[in-house]
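To keep things clear, I will list the structure first and then write my remarks on it.
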Amino acid sequence: MRSEPAVTTLVPTMATVEAVRRELDDTVTLSLALSEPSLTPTPGQFAMLWAPGVGEVAISYSGVGDGSRVDHTIRDVGATTRALTTCEPGAELGSRGPFGRGWDLSRLPGRRLLIIAGGLGLAPLRPVVEAATAGTLGTSSAQLLVGARSPDAMLYRDEISTHWASLEPQLTVDHATDTWKGGVGPVTIALGSAIGDPATVEAIVCGPEIMMRVVARELMDRDVAPDAIQVSLERNMQCGVARCGHCQLGPLFTCVDGPVLRWDEAEPLLAVRER
Amino acid sequence: MSREPRRPSVAIWKFASCDGCQLTLLDCEDELLRVAELIDIAYFLEGSSATSDGPFDLSIVEGSISTAEDIERIQTVREKSAAVVTIGACATAGGIQALRNFGDVEELMRIVYATPDFLSVLDTVTPITDHIDVDFELRGCPIDKRQLLEVIGSYLAGRRPQIATDSVCIECKMAGQPCVLVAEGTPCLGPVTHGGCGALCPRFGRGCYGCFGPMDSARPEVLAPLLTTMGMPEDEQYRVFHTFNAWSEPFRDQPRPVPVTLSERSTS
Amino acid sequence: MSDSGATAALPDPAAVSLAIADLDRLISTLRDDGRVVIGPTTRDSVMTLDEIAGAGQLPRGWLDEQSPGKYRATPSETATAFAHGPPSMSWKRFLHEERTLVISTSRTNGAMVIDPAPAAPEKPLAFFGIQACDLAAIGVLDVALADDAAYRRRRDDLLVVAASCTDSVATCFCVSAGTGPRPGPLADIVLTELADGSLIADARTERGAAVLTRAGLDTAATEADCRSAAALVDAAAARQTRHLDTEAIARAAAAPDDVGWDAVAERCLTCGNCTMVCPTCFCTSISDQTRLDDGCAERWQIWASCFSLDFAYVHGGSVRTSPTSRYRQWYLHKLVTWHDQFDSSGCVGCGRCITWCPTGIDITEAITS
Amino acid sequence: MTHKAGAGRLDTEALSRVEGEGGMHVRIVDGKVDDVKLRIFEPPRFYEGFLRGRAHTEPPDITARICGICPVAYQMSACAAIEDACGVEVGESIEELRRLLYCGEWIESHTLHVHLLHAPDFFGVDSAIELAALDRGAVERGLELKKIGNEVLEVIGGRAIHPVNVRIGGFYRAPARSTLQAFRPRLDRALELAVAATDWVAGLDFPDLDTEHELVCLVDGEHYPVLGRRLISDRGLDIDIAEFGDHIAETHVAHSTAKHAHLLDRGNYLVGPLARFSLARDRLGPVATAAADRAGLGAECRSPFQSIVVRAVEVVHACEEALRVIDGYQPPEPAAQPVPPRAGTGHGATEAPRGMLYHRYSIDGDGIISDADIIPPTSQNQPTIEHDLFHFVEANLDMPDDALRRAAEVTIRNHDPCISCATHFLDLTVDRGPEGES
């Protein structure tokens, strides 16, 4: 049987945009105050954000707050995300959630945590990064690896260099500029030195699907167990409560059985030729 | 999220067409006056003598490109417009006049006109997207009134129009209409045709004749053998795929049996 | 679904006997209870489903033939109203409508307010003459749509008068799906029709028994009638020639990529007819609509099909572009992954997808060839 | 400035509030109107060309696409011509259903013209939307009436533009009697609105202009003309539609090579509401007759400006006629007569809202079309419109430019020309001479 969603309604709660922070040219972080508190989201879970009259889309929590104040980092790629990213403080939105299975943090105590992000994939990892920085995850050690197309496209750069510096961030870009001090190439180039003892590693990975495949393969090549790798999958999601059917991936409704999956669960499903 | 205070200006343009698609706007009897409050209809020759030179927030274009002058005019339309939506089979697929593309223009001109030398037309009739970038294409010969309102409404709301791109069969089933192909053996293009009409023909006991053009991932090559088994000869199939959306892919690639034209018939 | 097998026991000894004319009493009793009665009826020479006001609208005297990609119903001399294959459409549309309003917005003192769709005091429904496969499908939807408020509301109020199948068409395979031809446990009353059109009614719930009593139907059925009814149903079961290919299904489940999908996909139009007629396909899309008059928004839940290209759209394109991948999604979901998700098969053996697929693709042999 | 002296041009780049796109071109030399042309930019679409080689079952669907404003007219004339070629006569019940469908088109098309296209001229505004600011009630009434016309088309034809239910021989599916009965109250309402609309337009101010054109229309038994096979005029024309080509030719007039229709040896003529009304006033329904009387229309009407009143009267008639058909309606059984192909040539004509529309097809024994000819009302009226325009401009040369241009446009709109219908107009009015400034 599929997982039972904790929230089952299609009716959103109204939320007010309290603050808008521009992250990148096409990306902003919205801080929302919900008119009725929801369950406190687990990092890795997502909400269905509704721009009234435009559409409703799945957006991860980039700040989990306490259930009445949450953050979302959103990239403008289409009509609905356009409407969301052009909101001004005071705007009214709808929000439903939290939905889905978040990062499994119960596995972390005593282990070496690798947080590996590609592009916007850092958004759903942000609450984990913050917890790791605050030292509340019980890990033996933690490191942050972030890849981006270019330095301009690197999310949360200020936070990375300040608040998150204790995670010894390894940054790579595909296309460097003259002033770039990090690595050049895929995020996997930094993996070798980061892994240490593969038996102790727990990796949580988020980014484009192709990036996650490459990272997972590389980790396994370096003897990290597939069940010690967590990834987060994107599929078309319209209801969030395993009812509309769009997000199916094999037997899974990624909206409730995911989006976070262990690589041993995800790999066979992703191996089926979809196209 | 709030509506722009300024009413967006909208222009409606006509190229080679029958006028039916722009008439659809005037056929929105219940909504017309409300629409005119929400948008500023700045250029609409069929409806108003007052014209503006633009620029326009939205241009709605009917008709296909068939003369050299059309090519220049459509470029101007694009330059003057923030968004361009094309409406109808003529604008999105060339329309029935694109049948000219399969034959010999000179011959057609001689058939219709005594002094064809005076005509200046292009050899081919082409959809608007062949010439400029188009923001959205609304299908149909003619377009459906509810869909036109959805295009305007979604434009005002800043979202993509909610217009399904799958088959007429889906609409047929949603309407609870028994399938004429399966239940009566009537040849029907529904399985390859873009929905939007609400399965009109099957509701009138007739097979769909494809006036909304091919759906997303249409497979006429799979339907064709079926039509054959239902007793539809190949020349008839060729003709039914070659009407109002003849120049759209993949309809235009449907194999051309011989004989289909008169001269072929007389020699075979 | 223990009592749905082909050779189940005779109807309950408390079964009552109905003349053809008694059906009207039964229907009007349901209507007098304030129910909208839905039943099979003929339209455009096809047996379909609609609200019925009396037994005269049932397809009495019609026979249907169904085969892959072909349906024909013809008037005949028979006295029966229920000896036919599954109607052209499934009953799901009455519980899970093609279009359902989810919410709308309004403005109060300038602030946006969300109005959940009104739990309209709709009339409760009665399904009259629903066959075993379709009844099993409701059981399947009960799981898949357990949280769907609109579905639940209608479902909770539903009263079911089922009909045993006394005939099978060539596309039926309920026996192999384990759902018929005897209606399963969700029925309040089960009717079984004899060759002369008279019937035996068997109340399965107290509610059902109360309806029969109120309709004044209390003539005990004779044992001979019960025996011939049972024999008719058994014969219907015996006539079925199609069977789910459990071996092929297991192979597809184990190694979805090693199965020859392409031969099926070559014949698939991706038209979506199969999903639309399927009594268990529940997928929907949810989209916003804006009202021109006041600018307020509405969200609608509308039937969707996994054969549509944009069903699996994510930014940048569909994750299932080829006809093969879409056919495979349908097949595997119905027959394999449904078990993982909902602990049952998604296929109840009604055969509609076989009949109403224009090219006659047959789910029972799609991947054997 | 005015045009009393000198040379100049008065061009309207693009006519508005007409269907299709056209312009007007007037050349003035030495203070005299030298040349008047109605320019058609509608690019040629070669219908008659690509009808060749198509099946005889196709013209109703294909020719409907000639014009989105009066597709039914094309469908009806196409059916009449092909049935004629095949020697098939459809029964009275199919004809009645055709008349009913046609009523929908008359109501819709005439109301569009009366309220949305023509009326703004009489109020000096640019569009019906501006008119609504002056007289919202009138515009709303027009929209409601037009909507009912469209509903007739939807009930019988499936949709208002390019109906799907028409086929040669009849219909794909005949509506049930109960369906039409249920629709009756809408037509009662339409009748009420149409009478009010007639009274409204009757009160407008009309410039004096009577024309002397020969008036031509069909005879439809005892009905006000809609279908029919005989063509008559007020000057003694009385022919079977099959003789059309013997009496009416598409010729090239001296000043252009555009295809214009002319009565042989007689020249210009006029088809449309003025012709029908003047030749068949006694066949209008009682309510329409009373409305015409109230509007002060005499035995005939030759004023192009007053055509707005005549159209309104025809809408009243169409509502009455629709009610009459519904009340006597028996669904045709079968809904369509079989029309097996037969080699030959057929002619058909029906009364489009804008006037008589003629089709001719030659088909072979397999039903393949070898030749087609379509003469829409606007082709027939074009010389007449130009003639009116010529005289109007000549009589008003002292008007200021803008006013004259506007008034000239009105003269054209009086005739409700449908330029999309101009299946084979040519735009040959390119002024190659030296251009005087205007």
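By letter and in written order, the chains are A, B, C and D; residue numbering begins at 1 in each of them.
Note that in this section a residue touches a chain if its C-beta (ideal position, glycine included) is under 8 Å from a C-beta of that chain, and two chains touch if they have at least 3 such contacts.
The model shown is predicted, which means the values in this text are computed figures rather than measured ones.
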item	value
Leading chain pair when contacts are tallied as C-beta pairs	B-D
Reference chain B; chain at largest CA-centroid distance	A
Between chain B and chain C, centroid-to-centroid distance (C-alpha), Å	37
Inter-chain centre distance, chain A versus chain C - centres from mean C-alpha coordinates, in Å	41
CA centroid of chain C to CA centroid of chain D, Å	52
Cα-centroid distance, chain A relative to chain B, in whole angstrom	43
Of all residues in chain A, the ones touching two or more other chains	52-55, 78, 92
Chain D residues counted as touching two or more neighbouring chains	none
In chain C, residues with contacts to at least two other chains	287-288, 290, 295, 297, 321
Set of all touching chain pairs, with the criterion as stated earlier	A-B, A-C, B-C, B-D
Complex interface listing, chain A residues touching chain B	51-55, 78-80, 82-83, 87, 91-93
Complex interface listing, chain C residues touching chain B	43-46, 48, 69-73, 88-89, 93, 98-99, 266-273, 276-277, 287-293, 295, 297, 303, 305, 307-310, 321, 323, 355-356, 358-359
Residues of chain D touching chain B in the complex	14-21, 42-50, 52-55, 58, 61-62, 65-69, 71, 112, 116-117, 120, 126-130, 132, 136, 139-140, 143-144, 146-147, 150, 158-162, 164-165, 167, 172-173, 252, 257, 259, 368, 370, 406, 409, 420, 423-424, 426, 428
Sites on chain A touched by chain C in the complex	1-2, 5, 8-12, 14, 50, 52-56, 77-78, 92, 94, 234-236, 238-239, 241-246, 248, 250-251, 253, 271-275
Of chain B, residues touching chain A in the complex	1, 157-160
